Amino acid sequence: MEGLVYIALFAPFASSLFAALFGMTERKIFVGIVASTLLATSFIASAMLAFYVYGTGNAIHVTMMDWISAGDLHIPFGFIVDQVSVTMMVVVTLVSTIVHIYSIGYMDHDKSFNRFFSYLSAFVFSMMILVMSDNFAGLFIGWEGVGVCSWLLIGFWYHKPDVSREENPSISPSWAANEAFIMNRIADLGMLIGLFILYWNIGSLQYDKVFAAVPFLDGTVLNAAALALFIGAMGKSAQFPLHTWLTDAMEGPTPVSALIHAATMVTAGVFLVIRANPLFSLTPEVSYFIAALGTFVAFFAASMALVNRDLKRIIAFSTLSQLGYMFAAAGLGAYWIALFHLAAHAFFKALLFLGAGNVMHAMHDELDIFKMGGLKKVMKWTYLYMGIASLALAGIPFFAGFFSKDAIIETAWNEGTIVLWAILVITAGMTAFYSFRQVFLTFEGDERYKKYGIHPHEMYGYVLVAMSPLAILAMVAGFGMKSFEHFVTKLLPDYHMSEHTHHIAWFLGLVVLAFAVSGILLAYKKYYHGLKRDEQLENSWYYRLLANQYYIPVLYDEFIAKPYAMISNAMWTKVDMKIVDATVDGIAKFLYKTGDTSRKMQTGNLSNYLNWMAVGAVLLLVVAAISAAAIG
Amino acid sequence: MYEAIAFYLFSALTIGLFLITVMSKNVLYAMTSLAAGMVLISGFFFILGADFLGVVQLIVYVGAVMALYSFAMMFFDATRDIKEKNTPAALIFLLGGLSALVLVLIFAGPIHSDAIQALYPMHEGVGNAQDVGIVLFTKYLVPFEVAAVMLLVAMIAGIILAGKKMDQSLTKDTSVDDADEILKQKDAK
Amino acid sequence: MIGLTDYLIVSAILFSIGLMGVLRRRNLLMLFFATEVMLNAVNVAFAAISHYYNDLTGQMFAFFIIAIAASEVAVGLGILIVLYKKHGSLDLDDLASMRG
Amino acid sequence: MFEPIKVSLESLNLVTLAPMLIAIAGGLVILILDLINSKLHKSLYVMLTILILIVDFGATIGLNVNERGFFDVMLIDGISIISQLLIIVASILFTPLALTSKRFHEYSYPEFFALFLFMVAGFQFMVASDNLILIFVGLETASLSLYTLIALHNRSNSYEAAVKYFTMGALAAGFFAMGSAVVYGLTGSIELYQVAQVLSVRMGETGIMAAILGSSVLLMVTLAFKLSLFPFHTWAPDVYEGASAPLAGYMAIVPKIAAFVVAIRIFGMYIDLGIEWVRIMILILAIVTMTLANVMALVQEDVKRMLAYSSISHAGFIMAAIALDTTEGTTSIFLYYALFMFTNLGAFAMLWISRHKVRRFDKRYDHPYSKFSGLVQIMPMGAVIMALFMLSLAGVPPFSVFWGKIYVMQAAVNAGYVWLAIVMGLNSAIAAYYYLKLIVYMFLKDPVKDMDTVYYNLSKPLMVVIGLAATATIAAIFYVQPLVSYLYYMISASGY
Amino acid sequence: MDNILSVLIFFPAIAGLLGFVVDKKSARAYGITVAAIEFLLSLWLWFSFDTGNAGMQFVEMIPLIPDFGVNYYLGVDGISLFIILMTTLMTLIGMVSMSIEKDVKNMIITLLFLEMTMVGVFVALDAIVFYLFWELSLVPMLYIIGAWGGPLRVYAAVKFFLYTFMGSLVMLVGMLFVAYVYHSLTGVWSFAITDWYALVLPVNYQLWLFAAFFLGFAIKVPMFPFHTWLPYAHGQAPTIGSVILAAVLLKMGTYGFVRFSLPMFPDASVMMITPIAVLAIIMIIYTAMVAYAQKDMKQVIAYSSVSHMGIIMIGIFAMNAEGIGGSVFQMLSHGIVSGALFMLVGIIYDRRHTKLMSEFGGLASVMPKYAVIFGIMLMASVGLPLTIGFVGEFLVLLGFYEISPVMTVLAGTSIIIGAVYMLSVYKKSFFGPVTKEENKTLKDLTPRETWSLIPLVAIVVWLGVYPKPVLDPINKSVNAMLVFMEEKAITAEAKDIIKVPQSATTAGEVK
C-alpha cells in the first residue's frame, strides 16, 4: 500500500518533470498523452487506496524522510492517507486526469503546449502534497506549491500586455497572476502564524500530536490559532475580502480554471478547516464566524454573478459562492457535508468550466455571453454537459448539487441560525438564475456571434468523451451520500440533523427547490428567447455596482496598491535618499567643510603662523587654567 | 639703594630700547637700540654678580652677534626704512599684553622659596669666573662640548649656505607647464 | 629693596616685548632681532634667580642660551642670505608660495 | 681658593657618551675626508654615514640600563636607549635615499652628511639627558643642522620651508628658555629628577600652581611645536612640502621621537606629581590635533602635504598616550614610531622616486594626487607597494601601523580611557579617506599626462630601501612580539 | 590534514601571489582551477568534519604576540562550516560566470585575495585575527567596485570602505576593552574568543560592549539606518562584486552577531532584543518598500538583500535554537539566492548594458531558460517551500514568534511585500509583450552562464527539500551555544528568555 501512496503522489511529479524536459520545445502531442497517462496512474492508485481505506477503515501513514529539524522542531515528509485525504486525492486526481486529457485538445494550438502540461502536473503534485501531508508544515508546502503553480498558470499567457481596467477587468494575465499570488501570500502569513501558535503551545506540527493536544489548550490560544489558520484558508479559498483574485484568475487557460480555480485548489481552504476540525470544533466563536462569512460570501458572490457578462467570470463567481456554502457547512460543524459538497462541486464545476472552455475554443476566446447565443446548434454535447452541470449547481433534485447543497441549508436550519438559512436559500435561487441565464444566453436564442464573423465548431470527440465521467458524476454523485457519510465519519465527527429538522426536511427541501426553480424560470423568461437589453436596468446604480464587483477591485487599487506604490516611492526618494543617505553624506561633507575652513589657517604666511603659536600658547594656558580650576 | 637706582635705570632703559627695536621702521635704529639694550642687559648681570656672564654677553652679543647682523644688514641693503604690513596692532597688543600679564602673574607669585638648597652654590670670596669655570668644566662639560658642536654646525651651515655653490642650483623649480619650453630650448641646442 | 620678583617682572616685560616684536614684524631681519630680545629677557631671569638662590645653574643656563643665540644667528643669517639671493626680499608677505 | 677637584674616570661613566661621540667623530671624519679629497662621490659618504651609524647603533645597544654618567648629566635609562636606537635606525634607513639615480643639490655637499651625523648626535643628546640645558643644547644642535639640511635642497620652496621652520623654532626656543627659567625659579634646579623632588615638597604651597601652570604651558608650547601639535603645527605642511622627500619623511619620525622622549620626561613628571590638569591639557591637545589635522588632510591636493597632515595627526594620536602615563602608554609611543617608521619611510621613498629633478608636476605642487593617476598601469608593483603603505597608514591590519594603533588604543582602554580609544578609532576612520584617495587615484583612474609619469629617481639602492620598508610593513605581525617585549622591558626598567 | 583551515586560508592567497606570473590569457582558467581546488578542499573539510561534535574542530593555535594575547587561532564549528563552503562555492561560481574582459588577471588575483580574507573571517577564533581578515576584506572589494564598477564607482567604493571601516574601528575598541577586562580578571592577555566566552561580564559592561560590536556588525549587515552604502555598492559594482558582496561579505556582520555578541553578552543581547527587532522590522518593511520603488533591477535585488538580512537579524535575536539555526541557514540561503540573482542581473546587463526594468519587458519570450532560472531564484527569494529560501525564513519567524507574536507578524509581512517587489520585477521584465526592438534578438543563456547557474539551482532545490545535512551540524552548534549562554546569563530575564531546546538538555552531549 505504501507503494501506492508514493505512486499516487509522485506520478504527477514525474509527469511534470517529463513535460518540463520539453518545456522549451515545439508542441509534442505525446507529452500530453504521457502526462495524462501518469495522472491516470495516480488516479488509479488513489482509487485503490480509497478502496483500501474504505474496506479496512485503516489509515496509511508513511514517513519518507526528515525535512526540517532545528531545536525542538522536527518536521518530516510524512503522508497520511485516511478518509479525508483519500477523498481529496480521488477527487483531485480524477478531475486532473480529465483536465489533462481535455487540455490536449484545448491547448492544441498553443505553442507552449509542453510547458502547460508541466505546470499543470506540478500543480497536481503540490495539491497531492497538500492533501496528503501528515503535518501542517507539509500542508504549507502544498499550500504554497499550488499557489506558485496557480501563479504560473494564471500568467500562462504572460506575453499579453497590460490594458486598462475598462477593457479587461483583470488587466492582464501576468497582473492577475501576481494579484493571486500576493493575495494568497497575505493569507499565508496568517496561516504561518497559526502554525507558530500551534508549535509553541504544543511543540509539534504533526496532525496527530496537535489534535491530541488541542483539547488541553487555553481558549484564547485556540481561538487565535483557529482564526490564524482560517485567515490562511480565506486566501486560498478566496473568501471576502481576499476574493478579488479568483475572478481575475480567469485570465488563465480554461482547463486551469476548471482544475485549480474551481475543483481543487480553491477548496484547499475548506479542506484545511475540515482537516483541522478538532481545533475548529473547540472554537465555536471562530466557527460561527466562518459560517457567517461563508454565508455572506455565498450571497455576495452570487449577487455579482447575476449581472456579469463574462462566461468564465460567472462561473468563477459561482465557485466563490459555492465555497461560501462549504464554509458555512464547515463552520456549522457539518464537516462531512462540507467535504461532500466539496467533492460534488468539484465534479460539476469542473464540468461547467470545461464546457465553457469548449465554448471559448469554439468562439475564438470570446467570453462575452452577450455576443453568443444559439450555440446549441453547433455544440450539442457541450450544451448537454453545461446543462447538466448547471442543473447540478442549481440544486435540482437528483443531481449531485441537490444532495449536498440541500444538506448544507438544512444544517443552517438545524443549527438554529435562521438568518444564515434564509440567506442561503435566497442564494440558492440566485444561483439557479445566473446559471441558467448563462446557459440560455450562450446556447439559446439568436446567433449573435455571427455579427462578429465567428464560426463556432464543436470540440474534438475525445475531449467530449473525456468529459463524460464528470457529467455522469454530476448526475449521480448524490446517491453516494449515505455511503460517503458512513465512510468519512469514521474520521470526521458525524453530523446528524435533530429530530425536529429531520421531520421537516422535506419541507425545507421544497422551499429551496422552489427558489431554485423560480430562479430557472426567471432566467428562462428573460433570456431563453434571446437577449433583450434593458438600458434602464443596466444603467441603474445597483446594476453597475454589481457589474463592477461592488467597486472592490477599484478600491483596492486606489486605497492599497497606489498608496503603497506612492509611499514606497516616497520612502526611497524622500526618506532613504534625502534623510538617511543624506545624513551620512552630510557628516562626510561636514568633515570636508571643516577641513576646508580650517585649512584657511594655513595661510602660508609665517607671520600668521607665529601669531597662531602665540594664540595657541594663550589657549593652552586657558585650557590648563580652566581644567586646573575645574579639578581644584 | 645704589642697586635699586641702577635696577630701575637699567630696566627703564632696556625696556625703552627694546621697544624701539621692536617698533622702529628703520633697521639701523632697531639694530642700534638692540645692541644698546644688550649692553644694558649685561649691566643687569653685573648688578646680579654674574660678572662672567656679563662679559660673555658683551663679547658674544654685542661683539659677535651684532657684527654679524651689521654685515648682514649691509648685504641686504637694509638702510632704508622698511615697509611692512604689520599684523594688526590690536592683536599684537592683546597677545603681547596677555603674555606679559600672565608672566607677571606667574613671577609675582611665591615662586621664590627659601627652602631651596643651591646645588651649585657660589662661593664667598671666590671670583665669579672661577666659580663658573669649575661648574662649567665639571658638571656642564658635556653641554659645553655639545655647544661646541653646535657652533661648528652653525659655522658649517653659515659657510655653505652663504657659499657660491648655492647659486648654482641643481634642483630648479619650474613647473611642468614650462617644461615644454625647456625641452624646446634643448632641442634648439 | 629690589627683590627677585622685580627682576623677574622686568624679564617678563622684556620677554613680552620680544614676543610682540615676533608677532608684529614682517621683515625677517627685524623678526630675528625680536627673538634676540626674548632670549635676552630669559637671561635676565636666569641671572636673577641664580643670584637669589646663590646657585650657579642659572648662570650656566644663561651662558648656554647666549651660545645658542649666537649659533642661531649664524644659521639664520645663512638661510636669509640664500633666501634673499633667490627672492630679493626679506618680507614675509612675499614668502607664502606654500599654503593650504 | 678651591681645592683641586678630583674626579675619577670611572665615576664619569664615559661609555654613556660613546654613541654620540661616535656620531660626532664620524661627522668630523667626513669633513676631513672632504678636505683631503673634494672629488669623492656621494656614495662613499652615504656608506660611511651608514657605517658610522651602525657603529653608533652597536654602542647604544650595548649600554646598560639606568645609568647616569658625567656628573649625572647623562641619563641612560630605558627610554633613552630605545629612543636612541630608533633614531639611529631611522637615520640608517633614510640615508640611502641619497643614492638616487639623479643628482640632487644637497648631496653634492659632503657637509650634508657631516651635518646629518651632528644632527643625529644632537638628538641623541636630547634624549639621553634629563638636564634641561643639555636637552636644550642637543635640541638646538639638531634643529640647526636640520634647518640647514632643508635649505640645502636649494629650491625656492626649500628656503621658504627652512625660514619658516627656523623662525618658528627660534620662537619656540624662546619659550623653552622661559619655561626652563620658571622651572628653575620654582625649584632651583634644571635637572628633572631634582625638580620632581623639590616640586613634590612644594606642591602644597599656596599660589604655586600659577607658576607650575606657566612652566608647563611654556614647555608644552615648545614641545608641541616640535611635535607639530595643533595649533603649533602650522609649519609642518609647508616644511614637508619644501623639504626633499627623504628629509620630510625623516622629520616625521626622528625629531618627533626625540621630542616625545622629552615630553615623557617632563609631563610624565608633572602627571606623576598628581597634577591632573596637565593630563587634561595633553588630552585636549591630542584630540584637537588628531581631529583637525585629519580634516585638513582631507582637503589636500598634494600627497606630500597630505602626508604632512597625516603625520601631524599621528603625532596627536600618540600624544594622547603620554597623558595615560602608564608603562603601556609609554611603550605604545615607541612601538608606534618603530612601526610607523617603516611605512613612513616607504611612503616618502615612493614620493622621492617620483620626483623630477628640475620640474614640478604643476604650477603649485610637486606631488599632487593627479600625478599618481593610473600608476597601476605604469608601474604596477610601485602602485601596489604604495597602496600597501597607505593601507598601513590607515591602520588596516595586518600592516605595521595597525599594531601600533591597536597598542595605543589598548593602552588607552587599559588606563580607563575608553572614550579616548573611540575617538582614536573614529579619527582613524576619517583618516582612511585621504589615504584611500591616493589608492583610488593610483588604481581607479587613468593617467593624466604622458610625461612625468616616468619614475626618474628609481635606483637599485632605493628599490632595496622600499623593498625593506614594504617587507617590514607586511611582516610586522612577526616582529611585533619581540619588539613589544623589548620595549616594555626597557621602559618598565626605567620606571615609566 | 589537521591544518586544513590554514590551507584553506592561505592557498588562495599564495595562488593569488603566484597569479601575478600567469599570462593574461590564461588567468581566468588559472583562477577557476584555484577556486575549484579551494572548493574541493572545503568539501573535504565538510566530509572530515565530525558532525557529532558541537564544539570547535580543526583547531589551530600558534602564538603570534603572546605579550598581547594575540594568537593565530582558528577553528570551525557547525555555524561557520557552511558559510565557508558557501564562500568557496560562490567564489568559484562567480569566477566561472564572470564576464569581465578588462584586466581579467587583476580581477582573478583580487578575487583570490578576497577569498582568503573571507575564509579567514569565518575560521578565526582570535578576535584580532578576525578583525584582521575583516578589515582586509574591504581592500579587494574596494578595488573590485572601484576598478570595474559603473560611473559612480569611486564614490560607491569609498563609501563602502569608509562606512564599514568606521564601524569596525569602534568594534575594535570593544574588543580591546574585552581583552582588558579579561586581563584584569585573569591576569592573562587573551583575544581568543573561546576564552572570552568564559567571561561573565556585568550587565552595564555588556551593554556598552554590545553597542560597540553592534556598530561594527550592523554596518556590515547592513542594518537600517546604516544601510545606504549598500545600494551604491551594489549599483556600481560589477556582477562578480555584487555576487560576493551579497553572498559573503554581508554575512560577516550577521556571523559576527552569532559568534561574538550573543555568547559574549547574553544579558545585553536579551535586553537589546526589542530595539534590534524594531530596527530589523523597519529594515524588512522599509527596504522592501524602497525596493518596490526602484527602477533599476539590480537595485531591487540590492534592497531586497537588506530586507532579507533583516530576517536574519531577527532570527539571531530569537534566542532559541529554531531562530538562530534558521538565521544561520538563512545566511546560506540568502548567499546562494542573492548571489544567483545578481549573476542573473549581470547576464542581462552584459547583453543590454542597462539594468532599467523599463528597458526590458517580455524577456520570458526571448530568453526562456533565463526566465526559468530567474523564476526559480525569485521563488527561493520569496521563500517558497521546498526551496532553500523557505527553511531559514520559516525557522526564523517560528523562532521569533516565541519572543513577540506581534513583531513576528510585522516581520512576517516580508513574505508579502517580498513577493510584491519580486513579482513586480518579474512582471515588468519578463512578462508582457516584447516592446523594445533590441530585446527581440537577445540570446538566451550561453553554456557558460547556464553551467554556472545550474549548481546554484541544484543547491536551492536540494537544500530546500533536504536541508538536514546542513541544518543538523548548525543546530548542534547552536544548541551548544544556547546551553552555554543560558548558563552564563546573569539576569533572570535573560535566563528566562534564552531557550535551550529540550533535545539539547536531555542529550547531555554538550560540554
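In order of appearance the chains are A, B, C, D and E, and numbering begins at 1 in each one.
The working rule: a residue touches a chain if its C-beta (ideal position, glycine included) is under 8 Å from a C-beta of that chain, and two chains touch if they have at least 3 such contacts.
What you see is a predicted model, and the numbers here were worked out from it, not measured in a lab.
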item	value
Between A-B and B-D, the pair joined by more C-beta contacts	B-D
Innermost chain, where centres are averages of C-alpha coordinates	E
Most widely separated chain from chain A, with each centre as the mean of CA atoms	B
Chain centre separation in whole Å, for chain D relative to chain C (CA means)	25
Length of the line joining the C-alpha centres of chain B and chain E, rounded to whole Å	68
Interchain centroid distance [CA atoms averaged], chain A/chain C, Å	95
Chain centre separation in whole Å, for chain C relative to chain B (CA means)	4
Touching two or more other chains - residue numbers and ranges from chain E	162
Shared interface positions of chain A, touching two or more other chains	588, 599, 602, 604, 606-607, 610-611, 614-615, 617, 621
Chain B: positions in contact with at least two other chains	87, 91, 95, 99, 102-103, 106-107, 111-112, 116, 118-119, 139-140, 143, 147, 150, 153-154, 157, 160-161, 166
Interchain contacts (touch definition) - all pairs	A-B, A-C, A-D, A-E, B-C, B-D, C-D, D-E
Touch list for chain A against partner chain C, complex	599, 602-607, 610-611, 614
Contact set on chain D toward chain E in their complex	391, 394-398, 402-403, 406-407, 409-410, 413-414, 418, 421-422, 424-426, 428-429, 432-433, 436-437, 439-440, 443-444, 477-478, 480-481, 484-485, 488
Of all residues in chain C, those that touch chain B in their complex	1-21, 23-27, 29-30, 32-34, 36-37, 40, 43-45, 47-48, 50-57, 59-60, 62-64, 66-75, 77-82, 84-85, 90-91, 93
Complex contact set, residues of chain A against chain D	588, 591-592, 594-596, 598-599, 601-602, 604, 606, 608-610, 612-613, 615-617, 619-621, 623-625, 627-628, 630-631
Chain B residues touching chain C - in the complex, by the definition given at the top	3-4, 7, 11, 14-15, 18-19, 21-23, 27, 30-31, 34, 37-38, 41, 44-45, 48-50, 52-53, 56-57, 60-61, 64-65, 68-69, 72-73, 75-76, 78, 82, 84-87, 89, 91-93, 95-97, 99-100, 103-104, 106-108, 111-112, 116, 118-122, 128, 131-132, 135-136, 139-140, 143, 147, 150-151, 153-155, 157-162, 166-167
